[in-house]
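These notes open a run of structures that come right after.
The same subunit A turns up in both complexes below, where it pairs with subunit B and then with subunit C.
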Partner chain A sequence: MLTLIKRELQDHAVHIVLAALICVGMVGQVILTAYWGVAGVGLGIDAAAMVILLVLFCMLGAAQMYTDRANRVSALLATLAVTRTRILAARVLAGAAIILAMLVPLLITAVAILYVTGAPLALYRGTIAEVSTAVVLTSLACYCVGLLMGWTTNKAIPAVSALFGILLIMLLVVVKGFGISAMVLLLLFSIASLLRVWYRFTSVSL
Partner chain B sequence: MNDKPIVVEDLVKYYDGRCVLDGVSLEVPRGCIYGLLGRNGSGKTTMIRILLGLEPPTRGRTLVLGEDSMRLSARAHGRVGYVAEGHNLIQSYRVGRLISLCKGLSLQWNGEFFGRLVETFRLPMDRRVRELSAGMRAELNLALAMAIDPELLILDDPTLGLDTVARRQFLELAIDVIQRQGRTILFSSHILGDVERIADRVGILVAGKIVVDCTLEELKDRVKKLRVIFPERAPEDLYITEIINQQNQGREMVLTVANWNRQKQTILETFRPESCTELPMTLEDIFIECTRPASAPVLQESEV
Partner chain C sequence: MKARRYSSALNVLATGLLVLLVTLLVLFWARWGCESARHGLLPRQAWSLSVDASSLIMPRTVQEPNGIPCTVHAEMAWEEIDVAALGATQYQESQRLDAPDSPVYAWSTDETGVRLYYDRSLGMVVYSCTVGQSKPDGTVLLKKTIAYAGPEGIADRPDEKLGRFRDPVVRLIAGNLDRPIVYDRVLRQFFAIDGPGKAVKQGPPWPANFVGPVDFGWPRKQPRYLNLYLDTLEPHYTYGTDPDRALVLDATGYIQMLDLNTLGYVGSVGRLPVPDSLFASVRRVAPDDLFAFEVMPVFLGRGDLYAGCAVAVLSRDATSMKLEVFDPNGIRVAMQQTGFSDHVPMGSGRSGQLSMVRALYFKLPGAAALTATKFILESLHPPVLLWLSYFTASRVEATAGHRSLFVLPNSFAAMKGRDAESWWLGRFVGALPFLLPGVVVGIVLSRLVGRDARRKGLPTRARRLRMAATVLFTLPAYVTYQITRPTTARVTCQNCGRDRWVDRETCHHCGSPWLVSELIPPTWRVIGQPEEQTCNDPSPRPEETISNA
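After this line comes the complex of A and B, so read on.
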């Protein structure tokens, strides 16, 4: 399993580096805004960066499936001492690990800045937990959209479908807010997408 | 260890409404080198892909090392070596990286044997797979398949793209594998000389059906090509069953018959031929006769 996860991480290093750059930019921007900036402008830049990050997570999922299909990677891996389910599990674990590795430092930084600037953390605890969970779940949902759309050798269809999927997820968060109902919907969506991906991946010809 | 590493039961496969495999059944006993023959598009690669679980069957089932192909465990996969037609390797990887990936995903790795193969084939570790020649890709694929010390080796036209020397080396390697007790090889090839040299059992697929499934000796023994000279014009019909091919030219008839036996010889003698000579047949001759569009002999162990 570790060999498979390592392979996924190495093959998609470009996405990891891009996501890391965006996250570092966001952290820098938050620090600058907290000390010297105008809050409204900073929030706008962060929101735009977050959207780009979500698109990037979606692209990561799509790239994992698309490159596999186009280069027939699984056709080789499935003849070695692994099963299709294990190949997919390693892929999803690698994707989830990348998402968490990008978002957790970002969220820790945001909390640290609130603490340093003397904001009443006890008051914000519930909001911070809700926003953090919603951001992670939205990222996972976007990643799952990418996984779903990437399993085709056509480039245009998955790209358009994925953008449409991300738009829907973001609209859901905007309409429902960061509440529990949005989280449940995002979680259900992610689980359903993963089940669909698993079914397709384990039953089609490689 | 399983006595029948490969079992195919009534296998049917349709692609876009076209029947590629039409009720194929066969068994490969342990320790056997099975040569699977057939013309392009006869269903050889499809059958091999179904065996490995890369392709779902439309109907029927296949067992590899006692497990259903579509639910093969990682352990069973790890005991099967596979060389794909066209050498399906990850093109963007460097040779060294591909090797370490395959090594990391293997149950066992015979490093010494693999090292010997790499040295023999002179495989460059730092080059990308796509930069290798077709022959080198074939050698790399073969070395990777052999390095896991497979209990079952499935080779789908493995010598395609290899030069004569490399082909000879490959055949020697295959023989080396079979000499290790209990190893089984399923071997599909267009080069019939190779099959004739190493296979001890052959199956011939014609239009998705197995028309021959017996040992090489039995096949050569049972398929006869005869030149028969009659006193007058050769008869149009001899009323003999399982005629694979018949060509008449005046008094001469050249006849290829499956399952030649005493009864068929007696029927032929009722036409009072002047002479009847048996013509020698190589595996290639038999293959060509069996895969002619009009011919449909069925030579299976139960009948032979």
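After this line comes the complex of A and C, so read on.
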């Protein structure tokens, strides 16, 4: 399993580097905003960067499935002692690890800044937990949309449908906010997407 | 084969859930656009109310026998109301320091360091500040003090003897940080925390025959979107809060007076007014039934005299507003609700005074088209959820209803479900025109699914399940069927000769398995006369050939 995960990370190093660059930029921007105290502009930049990051996570999922389908990676791997379910599990674990690796430093920076500036942590403790959970689940949902749309040899259809999927997920967050109901819906969306991906991946001929 | 069947069922369920979520989201934004357009129909003037309360709130004097000029105004921020109803905005509002449920009541970042907040883990209200102490050598020593307050007392460090607040509502009456007032929803009791005196005063239990308070002091909901203020020449008055008295709003919408010295109930001073609605309205409203409200008490002098209170409310679907003024005895003395003045166009050149809600739904230019669109969109909503909306019409909090994806508390069916004028059967029959179109759509789509499923050869049980799901969920179930219906190739059945699925154990027509039993010729024969021994072999027998030679 570890070998499969490692191979996934190596194959999609470009996406990881791009996402890391955006995250480093966001961390730097958060620190500068706290230093200069221009919260409104800072939040706007962060929101825009977050949207780009979500698109990137979706592209990562789509790239994983598209590369497999186009280059028949699973067809080759299936000749070895590994099942299709394990191949998919390794792929999803790699994606989830990348998402967490990108978002956790951002969370740590935000908490550190709140602590340093003496903000009321009694109030923001719940907010930080809710917002960060919702952001992680939104990222996961976008990644799942990518997985769902990427299993094709056509390039145009997954691109358009993935953008539509990302838009819907963001609109879901706008409708429900960052509360528990949004988290439940995002989790349900991710689980349902993963189940459908798993069914298609394990039932289709390679 | 069984595992494959389960994974296939799982796939159908997962696809159904995805399609349901996407459909509900698309329908939600279509409805939201429709409601935004409806709010946009009204001119700005229609969203403010004014009541002349000169002789009602303000006392008559010799100089002013008709009372001092006084007007109560209520204004709604109608440009922001649609965005305000969305979950992201609501979440942002709920995280503000001055939000009603915020656990932080004061937080200063200057050198005084005054902080007052509720520590959930301790169950105590914590007060801390930095105090300067002058030393004999002239220097000032900054000392940080901290106090923990529970229902049983106050101390410098947390102690179990102080007890725990379970579900407190804390208000700083008249901004008094030294004496925060606490109401515990679990203990049903008011407390006053006396910081300088290091004491906690317990009030008597809230009367058992009353429902519990939801807010007190200056009860408000969504204050950013509904603004209530007083315009008067009287210089000696205060409004909102008073050090000795506070208004308490309970869960049924009654407004009570609380004596802040004894922390005891004094009497009822008013109630939330019922705003206009599309169908016959309910007789009374609770705080949860309103999108926004504000209760503003008015005191004369230095709080010596309670003059009355003004109450403004905004209806559940934010289409009508009502303003009422109550005298000190709780009797309604003035009222106004949103309506149309003569200058408001009503289409085809007519004008006149109308109920705002009726005009918004039918009379204003474009209103009827928006109402028809709303009706169509609600008919496309899964009927099971629409019926649920009818039966749970009053149980969903008003602001939550604006961001609800599944049940629709602001649908026509739910509005009819809240109609208190007719008895339950009449109400149900009245709601049928809004409930049945969805069912009809479901039945039509279900027949399509059933026909196609029969042609595709789905097992009877699976076919019935899909048809039932289509009746209940209509469009999402139909789309799910189209996505997940079987597309496997078929071959000729060796038993019945018709097409059968290659991935099924048995033929869906005749039920025969793949291994059809071998054809064995029957042992019986039809015997009419002895069979003739015929020899069709043209070649001569070998013996004969030999003998002739």
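Following the convention adopted for this analysis, the second predicted complex is superposed on the first by the 205 of 206 C-alpha atoms of A that agree within 3 Å, B and C clash if a C-alpha of one lies under 4 Å from a C-alpha of the other, contacts with A are read in each partner's own complex, and residues count from 1 in each chain.
The working rule: a residue touches a chain if its C-beta (ideal position, glycine included) is under 8 Å from a C-beta of that chain, and two chains touch if they have at least 3 such contacts.
As the structure is a computational prediction, the values presented were derived from the model and not from experiment.
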Touched partner set for A:205, first subunit B, second subunit C, both or neither: first
Touching partner for A:13 - first (subunit B), second (subunit C), both, neither: neither
First (subunit B), second (subunit C), both or neither touched by A:188: second
Subunit B versus subunit C as contact partner of A:177, first or second or both or neither: second
First (subunit B), second (subunit C), both or neither touched by A:78: first
First (subunit B), second (subunit C), both or neither touched by A:4: first
Subunit C versus subunit B, contacts on subunit A by residue: C
Partner chain in contact with A:156 - subunit B first, subunit C second, else both or neither: neither
Touched partner set for A:86, first subunit B, second subunit C, both or neither: first
Footprint overlap on subunit A, comparing subunit B with subunit C: 203
List of subunit A residues in touch with subunit C within their complex: 117-118, 120, 122-124, 127, 168, 171-179, 181-182, 185, 188-189, 191-193, 195-196, 199-200, 202-203
Residue numbers on subunit A that touch subunit B, as the complex places them: 3-4, 7, 71-73, 75-84, 86, 203-206
In the complex, subunit B residues that touch subunit A: 49, 52-56, 72-75, 77-78, 80, 82, 84, 88-92, 101-102, 104-107, 148
Subunit C to subunit A touching residues, read off their complex: 7-8, 10-11, 13-15, 17-18, 21-22, 25-26, 28-29, 86-92, 95, 97, 102-104, 107, 109, 115, 117-120, 403, 405
